[in-house]
């Protein structure tokens, strides 16, 4: 009985907290955007604009829900629900606190001891694309359809490096259970954090989860300059808000995953270690984890205004030509190190070496590509006389 | 066979009724589009109920049995809707629901990894690709050549002959020893409705039946069995897929650099 | 017509080195820039309702009808503004001037300016021979319905009363009692309205007055 009540309480806490947190993340994102662009940001509703999310929420609730006449009604209504449902469901196996030291009334994870934690998350988030693709298709509009097609191609492509990068972690720790991965890192101390062992996997994981969540610089699916709003062009009011709730929940999930998988979860040397048993240790650990997650979210927001949006072919190239081979080699490297029981230093060196090798390879590839296609390049490379004749030959 | 037919008239009746219902629902001809769907649905439902009643699946745990019936009926209904939907997009979506329901059944049979992997591969990638292609190519229903090449009646009849064979195999006394098999029969029905997922399903079944000494449902057990007992099969399947992949690339039309 | 191909300068796509190809240094550099903006944040925007913008002197806002020294409306109902208006937002109804107004023949019985149609181009101000209509700095005009923004003579005179003492809205021309047209002697030479470089083509065209220049092609006025 207590079990069910605790589960219910945990579910309530998560489901209740997520929309509120998302609202304030949106406020934070708007503020950050404003600061980076030398503006002030929302500052009218409440002190420092702190009530702005409330105002936005009320506005979106009370707005007229326009359902265009040309849509496929059932799927149109279902799409935002799928979007929110799947992203929320993925949080079920994410431990959002120190599970071992949890107080008896709160468990810090909705579904504990799931063997396949990571795979479950990938399975559920791979379903999130249905929200986008159905929203785009059901809207029966060209912008929406194009956005949905882009999103689905992108998500299906980036799922591969995402899964492969985590495979290395799973091989290292011998489990797919997030709680165990976290406690193993905590037991190993600061240098046992996976970021020191597999920096490349971390980079690939973070990048491809940005692409999975359709965040900038990979938000081709909703790029305003070309597609108005992408797949949510025809949506308004609460349905539109649900799509955004889904997107921000996804951001929270990937921030949690990055912190837990690569940055030691709630572990921080000196403050929160596996040995710390003082009274409110769970609170401190919770705060440490939340701080890490928050830093990750901040980084995502900073990246949004730092890197310009990719072109679609660049996006696909990044996935198929760079990240998939790299993550594949990374898995092979981890396998080799595990089999021959090499120390973690080798993994670190291997990661860095692979990164550098790939940099050199792609530099050379780019150079030869340039030489192949640009007439001006040939002109500059050839002798001066040849250059004039080539120039007078006319270009188009 | 005659012995089975006379011994289990309810099963035979259910099968025939169900097949008739599906045939009624099956689109493909112009007349079918204007046909009311209710009689077909009623026939199929009654047929399924008769078949289930004769199979007599019994679960002790209330929650588990509720979930089992939920997923099983969900898989069957969405399977029927998948093959009878007029729009290809809806077919693909019902296919996704079939996959999800089957995965629910996998979880109930304590094979969570199989369920998650099936969701990732089928629901997350394959069906999304289907949808992708359908949305790009067939906005207004199936094309003419697709309609003519679609043999709805023949497909239904052969599928139900197969289903009948399975039911017969289950209900003949030799195999009806364990209560596990009775549950499998309905899972098998769901699989018959969605042929593409039948492969992992059979793997699960053979696992649960054969390797009792392995930790079934555990990731380790699955891995050991896949890359130990069935290593060659797995590798051959992988190679086959790779060959198909290379073939697809070879067949695909080449285009000028820079055009899409 | 076309430039010779020798003049075409081909710009190469810059070659990417190792560090550029790995993206990472560029991203770190970019993050540094954005983070600097967040940490040492200095807004360049104005808090509008509290801080009013410092508009340039030539800003064109709501119109006003100027009064002369006897507080009468300066306008002589010559219809030049209504004619010049590209948006056709001015409607003037002229009437013979009262007997005790010896300096003019007509005056506007009604003068209605549709502020919703107006495009605030300032042509009316340019056209007015007696400096009666001018554009002020008022930019935040609102109304609850369309009729609120049909400015009639009294309203426009009210705008004058409101703005005449504002240092940013001076009565711009004070030539004689009735402005430029009243003490008209000869045609003044009109130069270009803005500062232009000496070698600019428009700097060489000194037109000799509005009346002489109007109708005649600009070429003939070139000195």
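To keep things simple, chains are lettered A, B and C as they appear, and every chain counts its residues starting from 1.
One rule holds for everything that comes next: a residue touches a chain if its C-beta (ideal position, glycine included) is under 8 Å from a C-beta of that chain, and two chains touch if they have at least 3 such contacts.
None of these values were measured; they are calculated from a predicted model.
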What's the overlap between the neighbours of chain B and those of chain C? A
Closest chain to the overall C-alpha centroid, by per-chain C-alpha centroid: which is it? A
Between chain B and chain C, what is the separation of their C-alpha centroids in Å? 74
For chain A versus chain C, what separation do you get between their C-alpha means, in angstrom? 51
Distance between the centres, which are taken as Cα means, of chain B and chain A, whole angstrom: 33
Under the touch definition given earlier, write down the residues of chain B that touch chain A in their complex. 89, 93, 96, 112-113, 115-117, 119-120, 123-125, 128-129, 131-132, 135-136, 218-219, 257
In the complex, chain A touches chain B at residues 75, 114-116, 119-120, 122-124, 126-127, 129-130, 133-134, 137, 145, 148-149, 152-153, 155-156, 159, 163, 176, 373
Provide the residue numbers of chain A that touch chain C in the complex, in ascending order. 32, 34-40, 302-303, 305-307, 355-356, 358-360, 362-363, 366-367, 370, 374-377, 379-380, 388, 391-392, 394-395
Listed in rising order, the residues of chain C that touch chain A in the complex are 5-6, 8, 10-13, 15-22, 27, 30-31, 33-35, 37-38, 41-45, 47
